Amino acid sequence: MGSARRSRLGLGNPRGVARVAVAAALVAAGVSVALSGCAGGSRVSGSITVFAAASLTSTFTELATEFEAANPDTSVVLNFAGSSDLVTQITEGAPADVFASADTRNMAKLGDAGLLSGDAVNFASNTLTIAVPPGNPAGIKDFADLAAPGLKTVVCAPQLPCGAATVAIETATGVTLKPVSEESSVTDVLGKVSSGEADAGLVYVTDVEAAGESVTGISFDEAGAAVNTYPIAAVDGAGNGAGNGSGNGELAAAFIDFVTGPVGQRVLADAGFGAP
Amino acid sequence: MTPHRAVTPDRAVTPDRAVTLDLAAAVTARNFSVELNVAAGETVAVLGPNGAGKSTLLNLVAGLLRPDTGHVQLAGRTLAGRTLADPAAHVWVPPHERGVSLLAQQPLLFPHLSVLDNVAFGPRSAGKSSRDARAIARIWLEEVDALELAERRPASLSGGQAQRIGVARALASDPQLLLLDEPFAALDVAVAPALRRMLRRVLESRTVVVVTHDVLDAFTLADRVVVMHDGAIVEQGPTREVLLHPRTRFTAELAALNLLMGTRVDGGMSMGGGTGFEGRVIAAAVAHSAAGAAFPIGAAAAMAVRPSAVSVSVAEHASAERASAEHASADPTSTEQASADRSAGLNVLRGIVHDLEPRGDVVRVRGVVGGSGVVSGLGALGGAEGAGQALAADVLPSVVVDLDLSPGAAVFFSFEPGAATMYPSA
Amino acid sequence: MLGLPRWVGIVASVGALFIVLPLVAMITRVNWPEFGALVTSESSVAALGLSLRTSVVSTALCVVLGVPLALLLARTQFAGQKVLRALVLLPLVLPPVVGGIALLYTFGRRGLLGSTLEVLGIQIAFSTTAVVIAQTFVALPFLVLSLEGALRTVGTRYEAVAATLGAKPTTVLLRVTLPLVLPALISGAMLSFARALGEFGATLTFAGSLQGVTRTLPLEIYLQRETDPDAAVALSLVLVLVAVVVVGLSRGVSERRGSERGGSERSLSERRLSERDQPARGMPL
């Protein structure tokens, strides 16, 4: 698969390459000035596959587009899923060059498996917020309100990063929630809230941002007790013996630098992510 | 198109018995229109070929089919159609409230119930306790000589055994009217006679309608027969009267008899339409109608003769060889040869072979006699007018070979007067 | 035996492997030393217990609702019957998530019936009832399909005989019709049970996921994958085993039905035999 992609991108029409190179220089002049890690001088090319947590879907799609614009001759293939699913896929030999996880725990799993080629870098953080149906029919104001008797609260199951964060906040605040459901994904929590089945749900700030009008977010002070950190790292294809990934370590490093750089940080901040 | 429809079915039941089933119903989609009465205690056999409407008749009585027009009444109760009391109301009594049991060609024993519980099904449905119902069932199993099968499952029974149980089950529900639909048709020829005898015994004095296309069933079981064709009754009357003296082609076919129609003349019957010699046949036995009505010269007459009593020849001398010394009066205007046969007392009819059908050890030669289609060499029937009449003869295969018979062959059919019975045809 | 082309056997083997191989692959991943502990953990036992309980109730509901439905489809004729049949079978082909969404808008808090039920003090969302509803929704067609076919095969002749013996319609139904189609009813119920046991999408969308209340075995497996793939594999194996037993029992019942059919088959051939003799007696001249 990887080789097919390489051959597609490596089509060596000299004139075409020359023309693209000119365009790239022009774009680089405007955009890449700020590229701190990746100095404008070292040009990269080829294709990489990035596995990213589902909560990064919109931000990474945007980042990939900008990265490709900034680095002509490159192509970024994206694959989104739950962090643990992605870890499973990579350990089973799926072709990945970069892994961006929604928590450090899943990144650690990949590291333990010896599938990382370098150290993981934290590039964003996310905090929980209360999602309520539009109009907030239950009149919720803060975290303690979620424990009110008769209130239907849905949370992520503790096995999920968002569920682990919920447990952390409960521990920190001493407020014990009695959720009516511990969902298997953030999407399911949002679904129950937006449909009005539940009065409130606990999800990430970025999830509420992405959900638009269908839910309303209510931030609360105790959210700081559980800050979820997003790490990113290059995947070592040789580690699992499957030879997965493109083997383009240079391009993988460039993409990671791009995400942790100013453009990446701006896009992430716009989506509601906090600083790492 | 169908002349037999002109025959108005008389609805008379066996004399001195009260009518219990009174049916006059039509089902348009099946071209069915029948009026039928059955007296209490009477067994009526409904005969007819496949598609004649026999099953439709049973379904109407059993309540498995609704008549488009008409009524069905049993023991004074309207089961379907309009009542006299309230002509506006349309009555429909569902099958389970009719008191009519149906025994079909297949016994259709419930496969999940034991033989005993199959027979007990009717009494149980009538509200009897399980114990009482089984006691009744045992009585009926005893009645059909099948008590030893009580604990068996239907799947382990032979066809004859299953049909016995079917009879017991139908009778155990104590029906006012029992309907039998071809009760022996699914059975081996070997077991049918025993079952027929058993049925004859248990049906004694019951009100029964039995549908069959086997005249043996009718002779064995029925007081009266009704012959159906194309959704209508074409003939009915006491069993022997109808089956021995058929008046329609359909009945004659069922009774396996040749039926010749004509006009009564002195000592016989003329098939030629007149009273002259042309087409005259002689019958030794003259039967009068059951009612004892007069049967004068010139009256419409019918003659029945068994195919096995008819022989076939290609030259008249072959028949002449069989001529006996006794002879009836001959018509001097006939040809000499014919005259010789006639004076010998043998009926000789010129005909054309239609087809040949092997039937076991004999071959049935079907032909047409009389009519303008028959070429006459000798003129014996040359003057006959109108359509020819069917006549069949059962002959030995060797005869077929010796005479080189094939369809289209011109032959003479002959039979002894003693083999024929003549009776009024209306 | 009549010979089949050799390639049929080869392709058939590929087809069989296609089904069997993933199961074998899963079994190879089972952490056998831990297996006992994994499947007897508190959450696993709770999920299995909930799954079995809800599937039993759903199957009972399928029988109660499905038998009359099958009778209506097989024994009557009315306008719109074909449309009704198509609609009843819809959950068979519908993605379960779609079923879940549809149920949400029906029994959910703001749903068609849910808002009325809420007034009456009945809350279905996030309750075990919701699980049963989701399972019944997806499992009902299996029972209706299997039973309707059997009713048509059996035909109405036995019922007609029972009626002429004086049995009321309810008696005919209970003592003749249902016993005749009992094997199909049982195998249909088992298939429904298996389908209910495996129900995931509609439950996830409609009922939620809470240990002991709405988190059935499939949901537990889905969740365990997040942190404990070994537990997920072990529970998957348990689910596979339960399904194998149920499908095996169902097959056993239908085969027994097949052998019972053999009895009537014999009487059918008897009939054919004698019908061949028939014309000799009633043959027209």
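Labels for the chains are A, B and C, by order of writing; each one numbers its residues from 1.
One rule holds for everything that comes next: contacts are C-beta pairs under 8 Å (C-beta built on N, C-alpha and C of every residue); 3 or more make two chains touch, one makes a residue touch a chain.
Keep in mind that this is a model prediction, so the values were computed, not measured.
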| item | value |
| --- | --- |
| Topological distance between chain A and chain B, in contact steps | 2 |
| Most central chain, Cα average position | C |
| Pair joined by the larger number of C-beta contacts - A-C, B-C | B-C |
| Label of the chain whose CA centroid is most distant from the centroid of chain C | B |
| Inter-centroid spacing, chain B versus chain A (mean Cα positions, whole Å) | 92 |
| Centre-of-Cα separation between chain C and chain A, whole angstrom | 41 |
| Cα-centroid distance, chain B relative to chain C, in whole angstrom | 54 |
| Residue list for chain A, restricted to those that touch at least two other chains | none |
| Chain A to chain C touching residues, read off their complex | 82, 84-85, 88, 152, 154, 157, 159-160, 179-184, 188, 191-192, 195-198 |
| Touch list for chain C against partner chain B, complex | 157-158, 160-169, 171-172, 175-176, 179-180, 182, 260, 262-264, 267, 270-271, 273-275, 277-278, 280-285 |
| Footprint of chain A on chain C - complex, ascending | 104, 108-110, 125-126, 204-205, 207-211, 214-215, 219, 222-229 |
| Chain B residues within the chain C interface of the complex | 49, 62-64, 94-102, 104-106, 108, 110-113, 121-122, 125-126, 153-156, 159, 162, 169-170, 173, 175, 179, 185-189, 213-214, 216, 252-254, 256-258, 307, 359-360, 364, 366, 390, 392 |
